[in-house]
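After this come two complexes, each holding subunit A, first together with subunit B and then together with subunit C.
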Partner chain A sequence: MTHDVSSAPAAGLDVSAAQVARSALIRRLATTIGPILISLVLAGCLLLALGVNPLSYYGFVVQRGVLSGLGLQQTLTRMAPLLFIASGLIVAFRAGMWNLGGDGQFLLGAVIAAASVTPMVQVLPVWLALLAASLLSILVAVFWSLLPALLRAYQGVNEIITTLMMSFLGVSLANVLVKLMFLDPGTTVPQTRTLAVEDRLPRLFDTTVTSGLVFGLMAIIIVHLMMTRTAFGLKLRMVGANPRAAIHAGLNVPLLTVAVFALSAGLIGLGGAVDILGIQGNVRADWNPAYGLAVIPVVFLARMNGFAAIAFVFLLSVLEIGGESAARKLGVPHYFTLVLISIVLLTLAVAEYIDHRFNQARKA
Partner chain B sequence: MGTQAPTPIVTLDAVTKRFPGIIANDKVDLEIRAGEVHVLLGENGAGKSTLIGMLSGLQQPDDGRILIDGVATSIRSPSHALSLGIGTVFQHNMLVPTLTVGENLALGGRWWQRPKLAEIAERVAAVAGPLGIKINLDARVSELSLGEQQQVEIVRALLRDSRLLILDEATSMLTPHGVTELGALMRRLVERGFAVVFITHKLSEAADFGDRVSVLKLGRKVGEITPERLRAIDRDALVAEIVGMMFGRQAGEEAVSIPPRADNDERLLEVSGLEIAPSGDTPGLHGISFDIGHGEILGVAGIDGNGQKQLAEALAGQRATAGGRIRLGQQALDGLTVGARRKHGLRYLTDDRLGEGTVGAFPVSINFFLKQIGEPPFWRSGIERSGEIVARGGDLVRQYDVRTPSLATPIGRLSGGNIQKVLIARELADGARAVIFNKPTYGLDLANSLATRQRIRDIASEGMAVLLISTDLEELLSMCHRIAVISEGRLVGIVDNTPGAGERVGRLMIGLAA
Partner chain C sequence: MTGLFSDTFLAALLFGAVTAAIPLLLAGLGEQMSEKAGVLNIGIEGMMIAGAYVGFVCAFYSGSLWVGFLAGAAGGMVVAALMSLLCVRLGLNQIVIGIALTLGLEGLTALLYHFQFSRSYPRLPAAETLAVPLLSDIPLFGPALFRHHLIVYLAVAMVGVMAWLYRRTQFGLNLQAAGDKPAALDVAGIDVIRTRTVAVLFSGGMAGLGGAYLSNVGAGLFIPFITNGAGFLGIVLAMLARGRPIWVLIGAMIFGGCLSMTTAAQVAGVNVPIDVIQMLPFLAVMAMLVLFGRRASLPAALGIPYERGAR
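Our next item is the complex of A and B:
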């Protein structure tokens, strides 16, 4: 500390900043894509052990998830709710709040959208009914995050525990609502009334891809810009990076905490609404796609960067859509997609560790 | 006191340890000999804990050597320290409260063997008997008093064949009777040829228990009293000598220079009857009242942890008060938020530069403006204007001579002195009228300390009011117009900085009348 060996005089600052940024970006790409390739090889070994040719598995995944027109459309459609969840998680994680209650917030949003849109569409113009249902979903999801938010803001209670607990309750409540309150009397399967296909969110051009994809892309890009370019985003990041500094600087940390939870849960709840209003049309009892938990690692892989998250959400959708059909055709368990994702996470963690050690060694 | 061994058990040779932002130990030399209670005396933040950390293998020195029995050795880990015969009893006890004493002593044995409680009982009797320690091995630790728990920890260290026993702030949890007992126990230990290092910030304990006293101040060893000298002088003379070391002048510090101020009696910052309720481990404030005029520097002296931080935070608006009024010029600040007080010109420069002053991962440029987020010209309609931020940041870097590789460098990578320059630049930005400095030179090297002090003098010369909180009395004497002394949350006196002020402040600080 006494010797400022590495410091340059103040003049001529930032000459090399762009260069440094570029080499950092290249290294980041290498430490992200390298481990993904390694994971594909490792997962391939697992497939071999199961007696399946990994090349044909991956071939099916790519064929079904990207190359075939219908598959690609399914992949893009699947991205819509995932993008909303990712944007909600980015807000929370960047502000240092671990909202792990995504599944409860998502399902409650979905159920409320499904239950409210069918009566409203009878009396209101379709666009207004869709809008009102979405807003209701947001409200309910925000409400569901309020308890963890207040506990964290004013009592310092760890939100990882409370959001997870609220998530279990939320999933169960959504289920109960479907079975007891919003049951469609016209079917024997317990589910909500179904929104007619022509009343759903419009599809893009002549495809089956929902316009929810566009809304999801807009949401995640707006969130990214908000977190990186605005005063509000900087305040949230400051609360996340050093809450004591935030208090010292005069920020209202409890209020910002509640705002973060509200934004995060609202976006995730909206994701649930978009999934119902654009894709599913109704909620079946016991339906829980657990998107929230699947997206969490994706957001980490993207290092909470919105644009990177779009790419990773696409990858996740390809793996899910392609993996489902590949699993069916080759007799691989359908949860093999999850195995693959967890292998990617592990290798990325190892890569991070090696990179860190390498940096340390180079400094020493 | 036994005979002196030819080679000390442990010798520290110019040991230096740095942490991000501060120098915790600066070229400390120390000799620890068998048969001596070696007292390490110093205030909080003097570097005692870091020194212990290095001796017990928790941390490695950045420079300098540690010699064990005259051989340079690096103490790699706590278990390595134990194998070298260095046992440490930490400030907060490390026993498992739900286990019995015997089980606690058996911890650390081989995991595949049953604890050999009988064997331990035998060894405890052999170790503890001669020292006069009575231990009930079947008692649960949670049922023991803190003094008894400490004895268990001492016995545990001795069971591992320690030759050197380090007691870190060992008296902080004890009753006065427990302290006396501990003193007697230390005496018996050194009579049996052990070496004891006794860390304390209480002057009287150093005088009562020490065979050799080393005084640490801001990471440097500022003096040592040898056993010969200690035997030669009486207790009062000893206390006076230690006070001289703790608060005296050191080589290399600059001359006294109190900024001249115009004859202007107008008060700028007025505080009256400030109250804060005590909470948990922090002291409250009681009836704090003072005024600071234009261009005046009011020092606040006192042993660390007597309410200085609470005072600064209450003034800045970070901490709720239970009563009292604060006025800046014509403006009452009571009940205003941190941001509003800042706008009125009250600025607070925190002592915790990385913990709350900055966000270490954010670039230097953003850290200049953390207290102005959302304000023009750096943000317009809530949108960040990077151009404005970089331009103004570059100006401040040059103006305040911040040494940084670039504006985009995360501020956590800078040295303490340079982080301090960023904080000063931030607090002095447009419209400062009164500035609170909390330990502004803590952990800085000499050059940066001198530069910071000069900056504070300049601020006062410009007519601002300065409240300078410091545990370094020399620093206060070198520039303040008046010095207030804080003790247990009260201002116990305000002394004009005239010749002899140092003595009077020093006496107030240790609880004697001025």
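Our next item is the complex of A and C:
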């Protein structure tokens, strides 16, 4: 998973090197698209068994998620928070830290953004209020990741467990905050005050697509470049590849660990803020889209490559938006999307294994 | 507030604690064996929900809880077989496969439930309980601890069986070696892959049984996402127990108590959102990790696939 396709092109520009690079790229595409097609067929068999025509289901999902104008705009809008989560996860996973607490960090960021922006927008210019609310969300999400980070850095406690626990805690705490502290007295449903549509992040041109999409794309590209092109990124990848060697190389591993968690959680918290300030406008009690758990597989599928992750996040958004309207129209619950993602992940993992074995056999 | 401290209320609280603890105990014991053998089974949440669904369906159609329990364990094992094929035999990343299996089975069981039962919402009749003679007559504790379904006593007995297995048998030593120094086990002529496969299958069976208990006895029905993190709690219990089955039991009872308080507080009409009480078990974990974190030692080869001859 660590080898990177972008490092494949050799420095020499002779024809054979270019050919090798191209065939490597083609093989990488084949080992990605092939398994996805196989997964679609396998999941289609499940639909058949449930008495649903898989072709009409997939057709409907593509129609609603990509081809119809409104559907495409919804898909692009959905990508905004997902891109932030993906970029946060890329930082952590490349550094070998399993931050599985994305849902808690995301929701706390969202609640803090929603609660803080409505009073601030009364007194401050809108852009400043949005900025301040986003910064607050980042701070809270970073704070929420601090305990797992410190436990991992200084006590060696496995972060998988601690981040999962903090995630459960964060989701509950977010609900408590909405129900007890930040309740909008003007409504009977428990929810925070709503940010007026004209005060939200601007929309792109004449569409309903949020400008959060642009920020999300920027975030993930910057993260990708930081991890692959800067000295800091190299340090983080060293910690991920071999922490013991990193210590011997003179790196301050505990400090870097805390920094990784802070970056990762901060980006995910910012994703929560962008979702609220650009799209939702408020947080309802018991709202938990559980984006975090869905994006983790996506980041793996992309082999932690930022550009590949953009493509996969688009695919996930299409599946989600298409799946949600298919649930209403065709009576297939959106749980099917979960099954499809899981099958894609399993077949891709197996394909990577076969590819690896095939390579070894050829070298031997 | 007198209601909070009456005998019947306390008895109900304790009874609920045991009911909530059993799935955690079973999952924790299963995860413990798999971790001992060096496989971090993150898919245990998925195995649990598979067991919960298969167990419920079989108990519902056969009318027998025992058929449900066996089917639940078998369901968990089928998922575990897939996991051991991918993670033990092929050596794929245990976290990726674990999360994939959990997501997929949560989705699959919810989907199947939707197509099968979404109009009927069936329930099972209350489980028969077995009163232990004499002990069940103790005031307060008797009814709370000794009037449960037979499977509860068997689950607690498993703690002793596991402790004996780990301490006194060759297989227990093999498991330990597979997690700490698999190459040494291989040199001793014992198949590491097979040892780990057995451990993963066992953890799947236990998780499936725990799931079946959750749906058949604990709730009497299946709802999508019914396990709600119980499998993840099992992983935590196994990590905190440091290889000792008795600590899984103690931890499971503490968590069971917290979960039971959630229901009890609602019954007593305590005026806080349910979320506050739901945070209790997780706060307890974090507190335990902060206090005892340094000592939560794990097998050296945990999470690392074994490949013969690889460095």
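Remarks
Here is the rule we use: the second predicted complex is superposed on the first by the 337 of 364 C-alpha atoms of A that agree within 3 Å, B and C clash if a C-alpha of one lies under 4 Å from a C-alpha of the other, contacts with A are read in each partner's own complex, and residues count from 1 in each chain.
Here, a contact is a pair of C-beta atoms (placed from the backbone, for glycine too) under 8 Å apart; a residue touches a chain by one contact, two chains touch by 3 or more.
No experiment lies behind these values; they were computed from the predicted model shown.
By the document's definition of touching, of the two partners only subunit C reaches A:341; subunit B does not. Subunit A has more of its residues touched by C than by the other of subunit B and subunit C. Using the contact criterion defined above for the overlaid structures, shared-chain residue A:98 touches subunit C, although it does not reach subunit B.
Touch criterion met: A:158 reaches subunit C, while subunit B stays clear of it.
Contacts of A:235 after superposition: subunit B is touched, whereas subunit C is not reached. In the superposed pair of complexes, A:183 makes contact with neither subunit B nor subunit C. Of the two partner chains placed by superposition, only subunit C is touched by A:166; subunit B is not.
Of the two partner chains placed by the overlay, only subunit C lies in contact with A:300; subunit B stays clear of it. Of the two partner chains, subunit B is the only one that A:248 touches; subunit C does not reach it. When both complexes are aligned on chain A by C-alpha atoms, subunit A residues 1 touch subunit B in the first and subunit C in the second.
Those residues of subunit A that touch subunit B in the shared complex are 1-2, 4, 6-11, 13-14, 16-17, 20-21, 229-232, 234-235, 237-238, 241-242, 244-245, 247-251. On the subunit C side of its complex with subunit A, the touching residues are 40, 42, 86, 90-93, 95-97, 99-101, 103-108, 110-111, 114-115, 224, 229, 232, 235-236, 239, 273, 275-276, 278-279, 282-283, 285-286, 289-290, 293-294, 296, 298.
In the complex of the two chains, the subunit A residues touching subunit C come out as 1, 46, 50-51, 98, 100, 147, 151, 155-158, 160-162, 164-166, 168-169, 172-173, 175-176, 179-180, 293-294, 296-297, 300, 332-333, 335-339, 341-343, 345-346, 349-350, 353.
Touching subunit A in their complex are the following residues of subunit B: 18, 20-23, 317-318, 337-339, 342, 348, 350, 352, 355-362, 366, 370-371, 373-374, 379, 382-384, 390, 394, 397-398, 401-408, 415-418, 445.
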